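Down below are the structures I want you to see.
Paired with chain B in one complex and with chain C in the other, chain A is shared by the two complexes that follow.
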Partner chain A sequence: MSDQSIKSRPVYQSLAMDLSGLRHLLVSDSPAYRFEAPPDREVEVWFVAAPDQEGRIPPSGTVRERGFRSPRHLIDRLDHRLAQERMGLRLYVSGTEGFLWDVFNTAQRAGMTRQEIFQCQSGTQARRVACVHCRTFNHGVTTTIVRCDGCGANLFVRDHFSRRLSAFMGVKIDAEVAGEVPPAEQAYS
Partner chain B sequence: MILDGKLSARVAEIDLLNPTLKRFRFVPENGGAFPTSPPGAHVLVTLQGPDRVWQNAYSLVTPPDQRDHYAIIVRRVPDSRGGSHFLHDRLKTGDAVALSAPASLFPIASLARKHILIAGGIGLTPFLSYRPVLALRGAAYELHQFCAPDEVETFRALIGADAAGVHVHGVGRGERPDLAALLADQPLGTHVYTCGPQGLMDAVEETARGLGWTPHAIHRESFGGDKGGVPFMVTLARSGRSIAVGASQTLLEALEGEGIEAPCLCRGGACGVCLLPLVEGIPDHRDHVLSEAEKAEGRLIATCVSRARSGTLVLDF
Partner chain C sequence: MGIQFKTDETFRDDFSYRNSDAAILRFPFPFGEDKYMYSVNIEPHGKAGGSPAFDHAFDVDEHYVAECRERAIVLDHDPKRCQVLPHMMPAEWDTLELLMESLSTDYPEHFSLTRDGTAWHWINRPLGLDRRFVFGDASTLPCGPFEYITRQAQGDFTLQDQRDDNLYVDGGMVTTQADWSLEFDIGMSFHEWHGPVPLAHEIGVFDRALQYLLRLQYGHPVRRLNWTMTINPRLDTSPENYPDWGPDRTTVTAENIAGKLHLRVELQTLFRLPRSNAILFGIRCYLISLQDIERVEKWRKRLHRVLATLPPELVEYKGLTRFHHMAVSRLAAMDDGAPLSLGIQPDQARLPA
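Right after this comes the complex of A and B.
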């Protein structure tokens, strides 16, 4: 019961430096990102790292790296940073699908076009699912059917992905015959 | 909305702006109102000369919501293909003209955070319809007009001198506009639009790319250019007719001259409406629509600008 043929489903590639840019910023929701840059080009890296026991973010190796305590923290600072940026910047994003599009939407609000933003999916394939009935976001969904945190409906997780909401669409599976809910399958990890 | 057919109009007023520039105001033939035009729109003006017909594209300089009249500004070019001479020397107040519905292939980018408009000479015209729209949206913009020193006053008067963000630069012979100074250090989300001589538009594009701007942020209007060339023959495979294309005539004009209704919209090689299948012959592609691969394949030709490298072209039309 999957609809894998949806054409709007984004396709991601691995990240490579766009040499037509003058400055390069990579943002990642994990310290374990992969990015190949020519040795003569500088890349600034922003990443999310778990704070240590005293709540500090581990110090970064170089001045071109900066750690943040959460994806939200990183995106808030990115919003501020892009407001002061100049033309010529390229933005590379590595992380879970929700993070990729949260960053994309922040960058687009700052005026960046999709030719200036590059995305690579990494980490968990778990989905953020938007309930079309109550608009609640359900995070970390790994099954084909999920019970909505907001309204309790049994949602079928469609492959229909909203770039605006950075989330997959969840629709009530037993709308025709109430209570007829097939067993959920583990689909993403 | 796509409008078919022509708008019947009459010349209401002709203003001489300087020795080579005239503004023509057209009003609807039977009163009423013209359609609302998008910013950056152009119309095709059909000119009925004594022994030939021109259909030339001109940008509207009236604001988009101006519906009681349209206006265009035309420069009289010394070695034109005749259209600008006809407009300047023959067309009189009260004459009837046919206009196409306005179309825009040069729209304002809605997601841009700032707009830089760079015009060369009479390439200013599309920006005259941009300005009221940008002002209404409260958008950040700069307009840079480059022209010969003796035309600075004409253009200042036309734009409304001393408006905020408007700069008219006189460029003497042998001088080059400092485009890098205009485009460097611009905020993220800036888009540049350029209209004017090919050399200026190429320089704007090259400068912007050098500063790390992507093609999405660079917009150019593709009117004019060199449309003439070596005469050639075109054969229409379906009817077997052979038609001569003269040196100062486009393939499209030659077809129209024979009363053949060939498709067209921008007449500048930008929109792709006029593409016709090519059966035989070697085309000289001059359009901005076909990809390099399609051009190499040689199976389509943009009749409004492209010509022939071989003596004859055969079209499936």
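Right after this comes the complex of A and C.
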């Protein structure tokens, strides 16, 4: 099950403003994001506070900025916001791959299309791994093999990515001969 | 004359599945030449082509009742093997109509469909079903229309939505699959869900296949054969249950390989659906043991040649690594190297005892 390249994984670009949009919202899973907008256009920025804030919402620099305690906190609020949005919004997403697709799926449920959402990967390359056997999500995986939090199987992290699940597939590596588990290698960080 | 269904056979535990002589001779053997490599081997789905399995839109054979029961067992353990995204409801009804019309037309002794406007009456004699329902009103069926009718058909099915010049796998009934997961892949585009297949991307197979399928016309279904090998006649070789069936691959020995090793052939059919413009993809799985293949002279020689020249990437991808050499050496002893006819037909009308 060794894969040479990842066909199901998107190639991410850096973010650039889509001038056909009427309103622009950038969401980021960290306070450090990069986005260059023409001076005559306004961009609203929602970001997640650094973990050292320990639940405090940092004061925002401008009225167009808004902080959140966690990615989950931001996405919950986004869900509510998008329910009230109209045509013309452009959504820019910056963060880890799991965050990019959690936001994407939230936006798509609210009726936004692929053409209205722009994604830029930043931060850790650690993977979210969905165990194909027991459906548990394993977070922050940095090695080629991980023991599943749910069922305990040693999962090989397959280079197959589901945007809907926002996760890579984990498949039991020693399903044929129990205990035939090669050493895990540090691969994604 | 109706089909004699083998109602008691199993695809798990004691694996009592067997092919009759007639079923062997009608098997859709996938190798028309001595070498195998991926290609866009798509052809019109009509009669002719070397196997009676192609005679009808949806082939029904002696394993029908047992395969429907096996499907019900899988769904009972894991209902997510059947999922359809909400926007695909028109395609669900299209599927139900296509299957009911095809089955009742092609096998009138076993299936009957009576339509009076939207009041439909469906009779499935092999499974003992008699159902009146309103076409277009899902509340008149015990489950969604796609699940309802694909529980009564052999083989897996997926629904492809066509948009943005692409195909998205937005639904499916997947209980007899060769190692792919609907729960993981649902919603993916054509290239995404074929992501793990080696070699084929690089030679452009998926680009060309997608272009071809986007132009698929209503009333002109197409087909191709795909294959792999499975230990024991097990239909559910899903990644979900790999911890349960994976160990089978280590049980093969030179002594038991002829009975244990099965060629697994997928008759893949594609139908454009009329209302939804979606594509129904049928993946019908046929299993035949090595010892039954050996009873057909042409097939045992051809299988030897195909396996002996299979690229190592495909040996690994198809999961044959542990027993490939055993199969090749066994078959080599039965291959004199004589030229074989092109095509998949068995070239014999009867089997040796």
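Worth pointing out:
Following the convention adopted for this analysis, the second predicted complex is superposed on the first by the 180 of 189 C-alpha atoms of A that agree within 3 Å, B and C clash if a C-alpha of one lies under 4 Å from a C-alpha of the other, contacts with A are read in each partner's own complex, and residues count from 1 in each chain.
One rule holds in what follows: a residue touches a chain if its C-beta (ideal position, glycine included) is under 8 Å from a C-beta of that chain, and two chains touch if they have at least 3 such contacts.
Small disclaimer: the values here were computed from a predicted structure and weren't measured.
Between chain B and chain C, it is C that contacts the larger number of residues in chain A.
Of the two partner chains placed by the overlay, neither chain B nor chain C lies in contact with A:50. Shared-chain residue A:116: touches chain B; no touch with chain C.
By the touch criterion defined above, A:16 reaches neither chain B nor chain C. Once the two complexes are overlaid on the shared chain, A:89 sits against chain B while remaining clear of chain C. In the superposition on chain A, contact is made by A:153 with chain C only, not with chain B. Across the two superposed structures, the residue set of chain A contacted by chain B and also by chain C is 114. Looking at the complex, you find that chain B touches chain A at residues 111-114, 183, 185-190, 209, 211-217.
Chain contact summary for the complex, chain A toward chain B: residues 20-23, 82, 85-90, 108, 110-116.
Residues 164, 181, 183-188, 191-196, 198, 201, 239-243, 246-247, 249-250, 316, 322 of chain C are the ones that touch chain A when the two sit in their complex.
Taken in their complex, chain A has these residues touching chain C: 1-4, 6-9, 114, 130, 132-133, 135, 153, 158-165, 169, 171-172, 175-178.
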